[in-house]
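This report refers to the structure that appears directly beneath it.
Residue numbering begins at 1 within each chain, and the chains themselves are lettered A, B and C in the order written.
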């Protein structure tokens, strides 16, 4: 299990280490300036805020779109369902370097080149792909009798969603939100290509620091990137534990 | 029925989405902003007036926190206070800029995002060739009169004439960095370096990007009769002859390089990392002052020293350009002018700030300023200013750099 | 097609298909008809370029080895969990820790840990096993991309483990128990019941991991060798080259990478269990 935590430990120690070179196993001083700069320096703060906004927006929009799409796909004939699943996985499988070029040009022609909205549109592509597959899976295993029972009991369309379906879907929705967030949060290539360098996000910041030799700051950035991801995943699993499992 | 509701919602969403898309693309087409060339014909006061309230997005290399700090915390507040300009420095350099602007040009984006660019050399060449730069404008800046226009390093950008399409900002000179604790007697010439490499296998390499190719260019000059051989534009015959000698020299050294010359670090930062952590004993930098500034940042050991080879090292200047579709060209011109001011140039040269060389002709400044500039360049860890000048070699046509990089990638890497 | 099936398909085509078409479309335009145009001759040249072969081979090697090793570790842990709930839960929580770590953060960590002057090497030198960085194996910037593969295993094993565990809890035990009662040895149960069941259920996830690693930019950027250059890096380098001829090359190579991804997508859909 040391193998699992060793990389994270190295990041933590490096984030506090100024001038730490071979062959020293421990840094000679404890320096918090890089951590302080994460919040003190506007550029890093902006990157953090951009990443957060993109993550939340991607999570919400992708979930809102993927849920009905996945459900409709699950209820469709086999050929339609498989086509939609294929499209969804392709959106995920295309190498970002290849997809990003095309998206960059599309986003530019929409006048959104180098803007946060443009990058959001790019992040939505793999996010929508992942989440459609997730909800397709959920609704394929769905017990349709829940639906029909609610209908028999007199609930109309919207009420049925609100009172029956959404509560039962709390767990998959929580997981979808978390996954959608993480897809955007960790994104490097798409942001780089579509944002054209004008949109700063935390992962790009980490790369920039590393490519400038600023290992201490890169480690701080990497941890700042990891900790919220751990929290988001932990929260979604906690939310999942508190709801009845929908899957038979 | 369950699906009826889904169908209705989907239809509503798709209609709204299409409407939104139409709206957004409609909003994108607005009148193109004033060009730098047009503004250059106006009196400076008009430019200042127009600049007030503008936001200037400046694309720079953001890889160095001290440069970032200088721009974000020293330059930006001052241009806001003195000229009412909001300065935002974002990442973007070299090929990335050319790439981005080319795409914008092809997409007919008459209003881009960036108004100011930090460029030089082949980037400038590529941007000029593809007509991605606005201008001419830099000669009308009031501070342009203070620039050391006699210097071959400043008046020509890799032998290209800025011709008013870029304004000079700073100068650097390639240097080797060594560790005085590990290598008390470093080699002083290219020949001595080659001997050293053979005597210390696996302890030397260079990087794949700009600094590495500049080092190779310097070696090519030294092996072929000096920089003067390559002056006067790109000559394919001379290049091929020079390349042959250089590659033969590299081949003879290959087994003695780090990883037997089969792998090369991706950039200067990786090279510094190898050097600082004792994997190799030399690093190369385009700015000799990194021996001091990087040691302060904890990236290089404090025993690092800079040196230049007696065969000469390449010195060049870096500049500021304005893209063809700059939204705030007036603001960009005002910022460029401010950056040429003696106070901005002096601040930039401080070792605690950036230690980037000035482009100003000190003889054009009042005596008091001259004294202040002289006082900031005396650090024992650095190469003394007169040595630096003696061994400085100007850049030649950017085509040499391009060809060398392409050929190196094909044959050596 | 009845209306109720046409609309979801239409929406999916719009939301998913349009960006994909835009992406691939612009690549084709850039490769064959754009300003930096290639031609049919360029395609032949790219396909015959040994540099491109080496890059593709490296990327395929990284994806294959990384996915395979991650799979083996995930399966081993799944099979070894003996049903002791407390130990199981501890192992599961720990093993899943790398799951949400963003790839770029993982690459930084692996660089600091496994380079020849990285932390492991420094420990080895302090313990007097070696005295110089060059004595430590070259795991980063090496032609076999071992550091990249290790980073892949660290990052992707938790995902495969979760899939395997969920499959086990969902369907695993009934058939295994039946086989045991019928007299099969534990090893036979594993070989003939558990493993095939797991592998079949995990097939889509395995393909997903493979294709993700294949297309990753940050893994080879930070840890990979310069020769050969991983495929995504080769594409980036040629796309940003100042010599415009190389741009067309970049688009062509990107199309090849896209073709690989499409094959993987088709395989994924073929093995995706539609009935469950």
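Throughout what follows, a residue touches a chain if its C-beta (ideal position, glycine included) is under 8 Å from a C-beta of that chain, and two chains touch if they have at least 3 such contacts.
If you're wondering where the values come from, they're calculated on a predicted model, not measured in any experiment.
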Furthest chain, CA centroid comparison against chain A: B
Chains linked by the largest number of contacting C-beta pairs: A-C
Euclidean distance of C-alpha centroids - chain A vs chain C, Å: 18
Centre-to-centre distance between chain C and chain B (centres being mean Cα positions), rounded to whole Å: 36
For chain A, residues contacting two or more additional chains: 21-23, 65, 69, 72, 75, 105, 210, 215
Where chain B touches two or more other chains, by residue: 3, 6, 10, 13, 96, 266, 273, 277-279
Of all residues in chain C, the ones touching two or more other chains: 4, 7-8, 11, 117, 133, 221, 239
Touch list for chain C against partner chain B, complex: 3-4, 7-8, 10-11, 14, 35, 51, 115-117, 132-134, 138, 141-143, 221, 225-227, 237, 239-243
Contacting residues of chain A [partner chain B, same complex]: 17-23, 31, 37, 41-43, 65, 68-69, 71-72, 75, 104-105, 108-115, 147, 151, 157-158, 160-161, 196-198, 200, 204, 208-217
Residues of chain B touching chain C in the complex: 3, 6-7, 10-11, 13-14, 17, 94-96, 98-99, 106, 122, 126, 202, 208, 259, 262-266, 273-274, 277-279, 402, 406, 409-410, 413
Of all residues in chain C, those that touch chain A in their complex: 1, 4-5, 7-9, 11-13, 15-17, 19-20, 22-27, 30, 91, 94-95, 97-106, 108-113, 117-119, 121-123, 125-126, 133, 154, 170, 208, 211-212, 214-215, 217-218, 221-222, 231-232, 235-236, 239, 251, 254-255, 257-258, 261-262, 264-266, 268-269, 272, 274-276
Contact footprint of chain C on chain A as seen in their complex: 1, 3-8, 10-11, 14, 21-25, 65, 69, 72-73, 75-78, 80-103, 105-106, 121, 125, 128-129, 132, 140-141, 182, 185-186, 188-189, 192, 203, 206-207, 210, 215, 218-219, 221-223, 225-226, 229-230, 232-233, 247
